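Across the two complexes that follow, subunit A remains constant while its partner is subunit B and subsequently subunit C.
The block that comes next holds the complex of A and B.
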């Protein structure tokens, strides 16, 4: 098998961001960026948008509405019981359950959405092009078949922008 | 960077006019209805004191958590803290209005009411004022030490002042937890002398922190729009809006917990508090209170598109200052006056106290450079950047 991926390793987040903007401007397609900690700028610079927060809001809204409707149905419509002389629609006491169930709904639904979207499941082998990205290095990975040379040399750009190492590697990205 | 802020003529005249109008209306309201006047005095003084206390808690929290991002704004909470001694003096005036506000000071009530008799070892006028003086001494000493360390740091530099401030902050937070809890019990909760709630002090402590933070945010934004704090960026705004968002949830949590437990328990000794607050016009205030102090900040600061927007944050902060007034109105007025009133005395007292507060705040802010000089985290704050 051939070495199908090009990997640039950076030891500084500012160098990584400079290189990222440069290769994007030159028209190269970045396959993935691995960083030791989450960086929102990377997502923004790669031109990717997430609708995840909106999805989480919808889950929360549906969870809250659903559990309130359920409690209203059980306590008021289907089986009204007089306890402590309170109205059957004991709304303030529903709130606590609503908050808890809303949190549970958002957490679980978001987890499953993320797993589906990112194609992550228990037992899946993790793709880690360069182990040092779990320590202190910032790693930018290009798929050589996609990142065609657009008139300039990709390796030179990465080195010029401060990559401490640029090498090619065989990666299995599809299972 | 060396800029000391100069108070504009407009600002100074505004504070004078507010104080003059306030003084006239305050005098008028003492002659017409002194019960109402004393309730207003307590409300406004406690409200601006709670903003000062909240600001001092904010600054102490930044020190003990060694937060870097906020260090360039720390003159704002420092200047807000300078109201505490004045609040102390005005609180002592309450001695002349005890009978108007506190039912437990009436001799005939003490003679016949077993609950008041039972509480009298704690709730009596001499001990009430001894406690008040002790609380104010504790707050004045610690805020003074924090301010002095901050100014000395400007002059001499070095890490020692930061470590000193961190040490004072630990003591301040510890003392504040105890003293402010008892202060709220004494000044606000004892108005309803038969009623008690252990969540009460926590709720009011959070409210002080919440509205103190909102005031800091408002002042920072106004100064930024006037050309100061040029380094204020989206990351600072996001941190500020997280503070308000987080505190809106905590405030809602405590306010609702206190209400829900009492509503659910349904014991007459406890529900009488909300019975007073649910008749006639007060019920509207009860709901509007939750709307302003929890729902609107929560919903407006939730979407990412809005929570970094400087104007959204500014108007939420303004709304929250009104929210603090409303929250205290709901706590003080139903028992003292039994019906909803809003008129010249309320406007006059608020104007007078706002003028005094702004006057003291402005003087304290102008007396030191707006941005501290030798704070160890200053560079981090000036180039604050969130990932």
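The block that comes next holds the complex of A and C.
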């Protein structure tokens, strides 16, 4: 990662999207886009995908199987108790605990996955090119080398599409 | 394209994103107001009184309570169920409405979730104390031990309850926190003081709002929303099985799980309404929590109130239809008439009749009346739990074991203490956490704001 970056700041999501499609069409590689709220259009245009839902399903499956196996072990194998002659493997009354623990497993495992994959954790050193992007600005960041190599002028495209500011900056890590 | 305008604009005033951030962060930046300190002081006193009562309970045992052999569950379980009910609002609001893609939730869900977390903490206190020897409460965890190894009874609703409540607390707290991360980043980046930047920066976990973060954030919120929606239904169903599986007249009915879940959502929504009216009044959030938001809550309350009325009628009908003389006695001689007539009719009037006033548009739009009705619902829901517990337990099958029950100051003290704790928690939330989900409100601004609508109309003319 080169430390020199070109930053385009937009104050309107439509302008951002127009610029995003334009630079993609011209073949520029976008380093990252920062928005104040989740924008599906941006995520789609950046071509990013996640297998999160599949992971969550796996966690749920493992959680359900695990807790059922545990209850079977405790109630049938390790310490069977005779409740008025009822079967020790009381499956219907295991369902409640299974459902709740499955949900708990999915939630906690998904949160940890999120923390790992999106790299969001306490004390993380982060790079935020323009502080205004968590407030009201939409910020598109390019690696400077990408901007230079291409034929057309990136800065002009950004301005033409409605960027209110275009500037170069050395990105620094903050804590 | 024509879009129906069933609901008014969600954000009033000609706001831009910057204004949204600064409006919502404003209470955090301002010095602590006097009323805040006063109310915090009073609730702290209430909480301390609760601590004294808890100390008495722990040191001397639950003999200090008014419960006895017949009425084994008194105010503690009433209050436990009451607080859990209130704690249903957060999940009902953010999760059901998230799945149903109801955009009006965005201004309200944060407060509802905060309320949930505090209410569930208050609720969890009661069963723990009810164990008697609270220092042995960890026995309820199913872990390998030297007592046999003796495992917990997975067939017992009391154990299900423990699992349900702890999972609910953990899940709603993490859902709440995770929703706040982007907003903490906004505060961090707008902060002028170094301390504030460092503190909120720590809690923001290095959030930047890049597309790869939002991608997974969105995925996670739908996964959690989808899976936790089950909890809205399951937690109070499980609480209801504490009653429904025991062979006590008035408890042993199949209507209990849905009846409890609906009741919980009812009291949760009512408490959200109480809280949102206070928030918008004190913090001048009328542009975000609009009349249209409160209108929507009021309409839901009418509907749920009708279900509550139906549930009461069903219970009474089934008591008669079953032909069981014990059921008949409980409902007709110990609830509708008898020693607990006041509590029964207070429940019916507060829950089934008073909310019907929301049919009138004038009532829905008069916030003072709406506020009073929401308080009535919370009182009514307390009486509902009183009815279920005390009437059934005080006069069961054997007239020789009939007793009356009245709480001691210790029981009342613990209740007052939890109310103090709840108010303290809510006040801390008012002061230190953005009360409205900033990034979520931003995401609905352009779709629904007044500004946008006027522009659409202008372009058509």
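Basically, the second predicted complex is superposed on the first by the 157 of 175 C-alpha atoms of A that agree within 3 Å, B and C clash if a C-alpha of one lies under 4 Å from a C-alpha of the other, contacts with A are read in each partner's own complex, and residues count from 1 in each chain.
As a working rule, a contact is a pair of C-beta atoms (placed from the backbone, for glycine too) under 8 Å apart; a residue touches a chain by one contact, two chains touch by 3 or more.
Remember, it's a predicted structure, so these values are computed and weren't measured experimentally.
Look at where subunit B and subunit C land on subunit A after superposing the complexes, then choose clash or fit.
clash
Check whether subunit B or subunit C contacts more residues of subunit A in the superposed model.
Of subunit B and subunit C, C contacts more residues of subunit A.
Let me test your reading of the model: by the given contact rule, A:76 touches which partner, first (subunit B), second (subunit C), both or neither?
Neither subunit B nor subunit C is touched by A:76.
Should A:53 be classified as contacting the first partner (subunit B), the second (subunit C), both, or neither?
both
Using the touch definition from the top, say if A:125 reaches subunit B (first), subunit C (second), both or neither.
second
So in the superposed three-chain picture, is A:39 touching just subunit B, just subunit C, both, or none of them (first/second/both/neither)?
both
Touch check for A:146: first (subunit B), second (subunit C), both, or neither?
After superposing on A, A:146 lies clear of both subunit B and subunit C.
Going by the contact rule set out at the top, does A:93 touch subunit B (first), subunit C (second), both, or neither?
The answer is both, since A:93 touches subunit B and subunit C.
Which partner chains sit in contact with A:84 here, subunit B, subunit C, both or neither? Use first/second/both/neither.
The answer is first: A:84 touches subunit B but not subunit C.
For A:110, is the partner it touches subunit B (first), subunit C (second), both, or none of the two (neither)?
second
Which positions of subunit A sit in both the subunit B and the subunit C interface?
37-40, 53, 90, 93, 96
In the complex, go through subunit C and note every residue touching subunit A.
Contact set of subunit C toward subunit A: 16-18, 21, 142, 148-151, 153-155, 159-160, 163-164, 167, 170-171, 174-175, 178, 181-182, 185-186, 188-190, 201-203, 205-220, 222-224, 227-228, 230-231, 234, 238, 241, 439-440, 442-443, 446.
Which bits of subunit A are touching subunit C when the two form their complex?
Result: residues 13, 32-40, 42-43, 46, 48-50, 52-53, 56, 60, 70-71, 74-75, 78-79, 81, 83, 90, 93-94, 96-97, 99-101, 103-104, 106-108, 110-111, 114-115, 117-128, 131-136, 175 of subunit A touch subunit C.
Enumerate the contact residues on subunit A facing subunit B in the complex.
Residues of subunit A touching subunit B: 37-41, 53, 57, 84-86, 90, 92-93, 95-96.
Applying the document's contact rule, which stretches of subunit B touch subunit A when the two form their complex?
Going by the criterion above, the answer is residues 256, 259-260, 263-264, 266, 302, 304, 386-387.
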